[in-house]
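In what comes next, chain A is part of two complexes: it sits with chain B in the first one and with chain C in the second one.
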Partner chain A sequence: MTTTTAPEPTKAPLIPPSTHRYADVIHRLEAGGSMLPDTPENLKQIIGIYKAYAVPMDFYWRDLLYIAEQVFLNPLPAFKYFISKEYLDRPNSYAGDQSQLRIWRGTEKAHPELLEFMDRGETRRMPKLLHHLWHDRVNMEFAEACMQAMLWHQGMGGRFNDYLESDAYKANADRAIKAYFKGNPLMLGLYKLFPEMVLEQVRQLSYYANLGLFWEVMAPVFFEMSDIYDEGGFKGVPDAMDFLVNGIFAVAGRPIYHHVFIDGECFEIIPKSEGFTWLYEAALPYVEAVFYRTSPFRGTKSYNAQAGQVPANQADFHYGILYADVYPVGSAGIPPTLLMQDVLHFLPPYLKEIYKQHRRGEEDELIQLGITFQRSMYNVTSAVIQALRCALLYPLDDTDPKHLQANRAFFEAQMDRFLRPEARLPDIQTQDYR
Partner chain B sequence: MATILETAASVGVFNTLLAAVDAAGLREALESPGPFTVLAPVDDAFAALPPGTVQTLVDNPPQLARILKYHVIAGRHLRNELITQEAWDSLEGAPIAIRSTDPFEVKNATVVTADVECDNGVVHVINRVILPG
Partner chain C sequence: MTLLLLLLIPVVVACGLPLLPAESPWVRRLALLAALAQMSVGLLAWRTPPADLSVSWLPKLGLRLDLGLDGLSLPLVLLAALITAMAVLATPVGQSRPRLFFALLLVTNVGLMGSFLARNALLFVLAYELIMIPTTLLVAIWGGERRAGAAIRFLIYGAVSGITLLAAVLAFGWLNPGGVDFSFTDLAHHNLTLQQQHWLLALVLVAFGLKLPIVPLHGWQPLTYSQAPTPVAMLLSGAVSKLGAYGLLRFGIQFLPDAWSDWSAWIAAVGAVSAIYGALNAIAQLDMRRLVAYSSLGHMGFLVLALAAATPLSLQGMMAQILAHGLIIALLFCLVGLIETKTGTAEIPALSGLLNAQRGLPFTMGLLLLALMAAAGVPGQAGFVAELLVFEGSWVAYPIPTLVCLVSSGFTAVYAVRLFNRVGFGRLDNAKADWASTSWGERVPALVLTALVLVGGIWPALLTGWSEDATAPLALRSSDAVTVIAAAPHTSISELSA
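Coming up: the complex of A and B.
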């Protein structure tokens, strides 16, 4: 078992130690660390999984935007996962020579490993339709489950959701709906009879755009982290977390918008001029909805709502990756398994080697990589917590005890969310949780 | 007396802020009679943000305008008036907390010079860019 402790203070601390149950973790955060202990294996695990996650994510963001902008209100969207060549080649705004803010040194087009997988799958080269029907493909259903978590929870900060209820949004959506169904009296009649039903579909499509624009950033961030690690660039977990913190700030002001293209004309359902930003309207709601909350999925575990096993208040939902019991996750079709299956295809060799050496080796690779994923998302959440501390509170080396106490209160409030028994924060403190 | 922007330009430590105001298209609004209360971060405050933060905002004027509007309160409010309330609504919409009166702190920034009076409002100089949330 490997444990780590906070570095020895060189001088007397300006505030007394925390008495929180997670005091060790809080002191580590105050020293500029992550919730995930700084060990070489943790660094290897999280970077490996970031890379393996970024490849399917490169498909997710492209297809989410393809659906939001092109498939739009197609009443029978059977081919919504058959992304067009245009969207596979769509230049990532944060990779390639054309990007104004280049995060990843690699290509702006779809990742080569993704293209190879789309071509061959797990089976062999065959027509796209057969790969789709055999379910030998990227599991877009996972991306849609994340989008639906954001749509369903709503009200998680930012102004995005309020805007979806505004008159301006309804007017913009109305123009796009009428243009899309022009010459289709059946659908126009349906819209006239049940306008809210169609509007709600457009709202959902706006969340497709939101999540697509969010992940368009994260894929190159993770690819670059993998490249830096391969070069020996990160000294430890805090370095990896700091890279994420800097990335969060660098793209915080990226516009979040929803444009739809109908017969070559662009309809701005959510214009960039609304001032919505990547940080406030996408990243923070995403972390809240997907890392913390989500919803109980149909799987091997049953919940009894009448016995209070499902909270009455949505804000208390705790079914995200930070709380997940990865072991019973294994039923076909449920979102976490879909993701693990996607990630499995792109594991770097050094991660496969670790899994072979532990537990049941390749037999329980999905479980082991699920727990690695959990570790890695505790590190991403740490980056979000440090970024918020940086944006809203005080530097870690501040010399004013009141400021340090405010930082302490913030960290403690964040750790309070992991006091419930389902939280995996205590588990990830040791290396033998696999 | 000079306007808020003229005053800021004469001091020489608000170059980034003034460039940002132009990039966001807020010059005309801030030249109007107002009055406004502006919490003005110095150049060092912008420089302390991680690399790329300011550039992304400058490339996207509506998003930049939103962050800048968070530094403006409608009306002319001197320090003595600001400290009477726990928080003030910014033009961005989100509240700005008054966290401490001595030293005078707004949100997580310290006011290094308060009550710089101008024709169309008042400026309080702060040492950190403040963000909604």
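Coming up: the complex of A and C.
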């Protein structure tokens, strides 16, 4: 399906070399490679972090859907992170025997490492409420920050965001709101007075569903990549990227929807029949909103604003993981501290071993894994760029120079986004960046 | 015996160190044990005051081994022993030529002890001069890139200070019609005219002004402090410089009270100029060591102001400031040295983000914040108590110089905040931040000094209790500064003993 095979090296190049500042990276992409250099350590690092990321992600997607479908408009959602057994056991749509469309190997239920962590945390076995209050749990705040980035930036491709303003959506939401607040005159009165306020909450919940469905795909993808690596299946970074590209195309057309369950009845706020798809309505907006843009970290936002560092135009925001300085923990973008803390619990031994050998060893594992995460997300972004090129442009082994030039222009336009001084693309080209 | 022990312990260990193998861990341990033993003996002397020791040495020259301990010298003896111990601890484990290094540190300590214990002016000069040799060698051999220039400048200024002091002491004998035997008791009962006192005081001011130092005699200080290895900078700033203030108190206020009273307004003005000059220069520095050096210069101005005022409260504050500043400046140099060792630079523009919990030096920076706050005179720390006493005691005598010093104290907060903001906050450069965190062994000296700075702030008796009774009789003015006390300067040493 994918055409990321490198052109034969013996052939003379059909177009002249790029003169872009990132010409080396562009040539690597044209040869079917990734923005991340193909080294054994890079491969080990990104696969290790995918595996460690997949475990909390298995919780993120289940809880996001739980909040979107069950918690819904609860005005005091104090227990929204206390996911029900039903959602912990909810079969993944793409893995396990009960899946609707089995593409990946894993099991359908929550991953055993996740269940073990939920039980014991990093302290000891104790009631769930104590784990929650002690913050000895999965940081769902990270998932919510990602969702809020998607909601906030809006309009990043696809039709999903426009649909949230449509009459059909409002009518569906209205039915669900009235059903949910049935017998609650206070909330119904509030809805009557401020309909847009409640509707905006429902729109946010639709993004909960959107992101939950996106990560439902990514969790088993990352688990399987780890398994394949353990079996000696990947020979290099491009292999890992190709696996992601293949995965993207395998589920590209899967539906993005928002269903709510009230008193056992299903309210289709965004029905599957609307035809929203995983690639265009979830994956691409997610990459744009979370990997590139996001927002200044809430703790420093006011300082950034005072210093005139927050651009007036949201499209100019570049606080995502591809730009984030993971160094001063909790600086910008999606709070990296929260994710790094989550990932830390599930690091494979070989990754821990790498971290022990560099910088301060175990003492600064959080930063080292944050930088590994940055490397891995450059690889995921490479997969998205290659998938887009594949969908919109020409194969890499095309022999028409005009087509290759069009591919070149596409790659160069993508690389232009990393010309900003804060972009980490130059950093990840060397192994010294740790 | 107690007084001799204070001198002999470092002498014996310094002589014994060359006998050990260079790589032996006992080289450092013995140097540390010597300083700690000396401190224990000092504490013992505080509990049970020892009798003065007087042994004839070269009677024709008037040189006697007169040793004694009173409320003025005891806290300085303890401070010197403590700073020596902390300097030994702050010496990096892989120090090159450790036997010579630690032996020279201990010889410096011997010079300090000799100066503080001496009850004979010639003996004082001998001990005072002795300090010059090891400290110059320490700077010249183990200093930074510009160590040669620093050592030569330090030597020249030190030599001028020593010769001037020797001239002053000898002049005491020549000018006295009946002659003197250079014992402090004899010097305190001289029959010099006011004009003669003026000449002698000029010499004394130059000699000890160079040691403190004060503006305009400070030319050696910023370069030497910035080039000296960390333990030596700690010792120079924390203990050796205090010898200048001690000398002004002994030779200026105690032995030449009339001339001191005459010139005290000018002396106060010099103190104020030093304070403001040091603080403003500190604000402009781009090197942490030089910043701390100028900060020290500014704080020396406070000491001079307190000496000039010479009220009971200002002298008490002066002694408290000697102790507080000794601890704080040694702590600052210790921390700056630690940062320099880890990051490879002391340049402020090259550093940022060191408070980063993961890869910075958060522990060191935390202590640096406390040390800077102490230097700025923030309440709850030793610096506040000392400065409060100095300013309150001096205000009644010289309000304008005191006001200038108060303003310069405000500037301390400016350079402290500026330093901490630039070095502690901001982005930690990933390419540079490849250093190990500090070990507990490296943290110990800074922790001990920080603890004492905090204790001094919470329990001011630690700073004032030693010398309260000893400074009061030396006051030239009453607490309201209206009455000039005439008889007090001639109080004998035995009467001064606490």
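Assume the second predicted complex is superposed on the first by the 406 of 434 C-alpha atoms of A that agree within 3 Å, B and C clash if a C-alpha of one lies under 4 Å from a C-alpha of the other, contacts with A are read in each partner's own complex, and residues count from 1 in each chain.
Basically, contacts are C-beta pairs under 8 Å (C-beta built on N, C-alpha and C of every residue); 3 or more make two chains touch, one makes a residue touch a chain.
None of the values given here were measured: they were computed from a predicted structure.
**Student:** Looking at A:K192 after the superposition, I want to know if it touches chain B, chain C, both of them or none. Which is it: first, second, both, neither?
**Tutor:** So A:K192 meets neither chain B nor chain C here.
**Student:** Classify the contacts of A:G275 with the two partner chains as first (chain B alone), second (chain C alone), both, or neither.
**Tutor:** A:G275 sits against chain B, while chain C stays out of touch.
**Student:** One more residue to check, A:A252. First (chain B), second (chain C), both or neither?
**Tutor:** After superposing on A, A:A252 lies in contact with chain B but is clear of chain C.
**Student:** Under the stated touch criterion, which partner chain does A:L392 make contact with: chain B (first), chain C (second), both, or neither?
**Tutor:** Touch partner of A:L392: chain B, not chain C.
**Student:** What is the contact status of A:K402 with respect to chain B (first) and chain C (second): first, second, both, or neither?
**Tutor:** In the superposed model, A:K402 contacts chain B only, not chain C.
**Student:** State whether A:R420 touches chain B only (first), chain C only (second), both chains, or neither.
**Tutor:** A:R420: touches no partner chain.
**Student:** In the overlay, work out which of chain B or chain C sits against more residues of chain A.
**Tutor:** B
**Student:** If we overlay the two complexes on their shared chain A, which of chain B and chain C does A:L366 touch? Say first, second, both or neither.
**Tutor:** Only chain C is touched by A:L366; chain B is not.
**Student:** State the interface residues of chain A toward chain B in the complex, per the touch definition above.
**Tutor:** 100-101, 157, 159, 245-246, 249-255, 272-277, 280, 284, 388, 391-394, 402-403
**Student:** Give the list of chain C residues in touch with chain A in this complex.
**Tutor:** Those residues of chain C that touch chain A are 353, 356-359, 427-428, 430-431, 433-434, 436-437.
**Student:** Please give the residue numbers of chain A that touch chain C in the complex, ascending.
**Tutor:** Contacts found on chain A: 325, 327-329, 331, 359-360, 363-364, 366-367, 427, 432-433.
**Student:** Taking the touch rule as given, give the residues of chain B at its contact with chain A in the complex, in rising order.
**Tutor:** The contact residues of chain B facing chain A are 49-53, 55-57, 59-60, 62-67, 93, 100, 107-108, 131-133.
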